[in-house]
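Supplied in structure tokens, the structure appears directly below.
Going in written order, the chains are labelled A, B, C, D and E, and every chain counts its residues from 1.
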Amino acid sequence: MQIARVIGSTIATIKDPKVKGAKLLLCAPTDASGREVIGGAFAAVDVVDAGVGDQVLVCHGSAARQTPVTKDAPVDSVIMAVLDSLHVDGETVFRKGRD
Amino acid sequence: MQIARVIGSTIATIKDPKVKGAKLLLCAPTDASGREVIGGAFAAVDVVDAGVGDQVLVCHGSAARQTPVTKDAPVDSVIMAVLDSLHVDGETVFRKGRD
Amino acid sequence: MQIARVIGSTIATIKDPKVKGAKLLLCAPTDASGREVIGGAFAAVDVVDAGVGDQVLVCHGSAARQTPVTKDAPVDSVIMAVLDSLHVDGETVFRKGRD
Amino acid sequence: MQIARVIGSTIATIKDPKVKGAKLLLCAPTDASGREVIGGAFAAVDVVDAGVGDQVLVCHGSAARQTPVTKDAPVDSVIMAVLDSLHVDGETVFRKGRD
Amino acid sequence: MQIARVIGSTIATIKDPKVKGAKLLLCAPTDASGREVIGGAFAAVDVVDAGVGDQVLVCHGSAARQTPVTKDAPVDSVIMAVLDSLHVDGETVFRKGRD
């Protein structure tokens, strides 16, 4: 799963009927510390009530359809976890609410 | 889902029978503001009546077959939403018709 | 779908039984004009009788198995359209037989 | 399968119900020798009892759901092997416990 | 399918039960001539009795599970052909045993 930060939201009146009820957030891939953005922004369906500023895990591909909200929908990215902390070599590199 | 702009259209007389009726548009991946192109152009099936200049969301992979138009077809990219606006950190970074 | 040009052919006596009858062509990803190669060459199964020099659309992933030739085969790329022309912002950026 | 090193762990209280019991480790893609990191860190479900410092193989995409732990879950990366050694051109480029 | 060269082998005592019998080789993506490595090494299941030094085709993703050896296994890369030769613009850019 990709490490990313929720950076914003999307508004789209015209969309596939199967995603009408889905909450589509904007995410930016980051390094493990959450400090550095390492790729372009993308949209993902949120199934864990994430909010802007949250550090999250995103799964891509067919995995993104393995939730009740996204089942059989044209959706290839879903936020499936909100991170509390990340630990590398015994050190806490990310902790929610730290910054 | 990838953020992209519809930049053009394709004409292909010879194609797989299952995509005969599909509208294939040319898209360019952009940043969230829609101002900067960040990757090479690609073709995607349009299921939301998008037009050239629209900022859209594209899903790739098996997700692209989760629409009536693309079901069981050799298609790996579909435009599944037309964006009205994108919001990052409380700021509107993209709004349809702005430019 | 990826925009690519057919640049050559492959010969492989030893291959998975399910791809024995498939025609495997060499492709190079290009920009929309077909003039600039933008990635490394790859092999794709041809289901539209494409030839060397043709500008084509290639789909990747499970989409590549959605044809009678590639069904249930270990194949992840298929040429599913031969391009006649590509149009960007009202301009014809590619036309078959132009060059 | 991608060659990677387990570099840490993740804590996420809020996550999709289907991944509640899964152990999510942090991985960094490396070269075959395990000495050089060649990409950004990501999270993967561990099904082989890997530990921090282990050199492992990770599969991505729908392959990651082909285990009892990850079946039907929104998971796109799974650690499916712990490497003992890697051999290139008759030379052992990686051996567990070497460094 | 990706063009790659078999560069070595892997030993992994601890692995998912479904890949116990599989032969896992190390591959490096190359250009069409087989002379230049263009990406990082990865592991793939061999189903065509390939050997070190062979120039091969590798399929990724769910395609990699379309063989008797890899069916339903957590495997995302399989060697499905051993190349005899590659031809670009009427020129033989690769021939087995040439070098």
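The definition used in the following text is that contacts are C-beta pairs under 8 Å (C-beta built on N, C-alpha and C of every residue); 3 or more make two chains touch, one makes a residue touch a chain.
It should be emphasised that the depicted structure is a prediction, and the values quoted were computed from it without experimental measurement.
Undergrad: In how few steps can one go from subunit A to subunit E if every step must land on a touching chain?
TA: Between subunit A and subunit E, the shortest chain-hopping route counts 2.
Undergrad: How many angstrom lie between the CA centroids of subunit A and subunit C, rounded to a whole number?
TA: Their C-alpha centroids are separated by 33 Å.
Undergrad: For subunit A and subunit B, what's the span in angstrom between their mean Cα positions?
TA: 20
Undergrad: Could you check subunit E for residues that touch two or more other chains and list them?
TA: Residues 60-62, 64 of subunit E each touch two or more of the other chains.
Undergrad: What is the order of the chains around the ring when you begin with subunit B and head toward subunit C?
TA: B, C, E, D, A
Undergrad: Okay, in this complex, where on subunit E does subunit D touch?
TA: That would be residues 7-16, 18-19, 24, 26, 40-44, 52, 60-62, 64-65, 72-77 of subunit E.
Undergrad: Spell out the residues on subunit B that touch subunit A in their complex, using ranges where they run on.
TA: Listed in rising order, the residues of subunit B that touch subunit A are 1-3, 29, 31-32, 38-39, 47-50, 57, 59-64, 66-67, 78, 80-89, 93.
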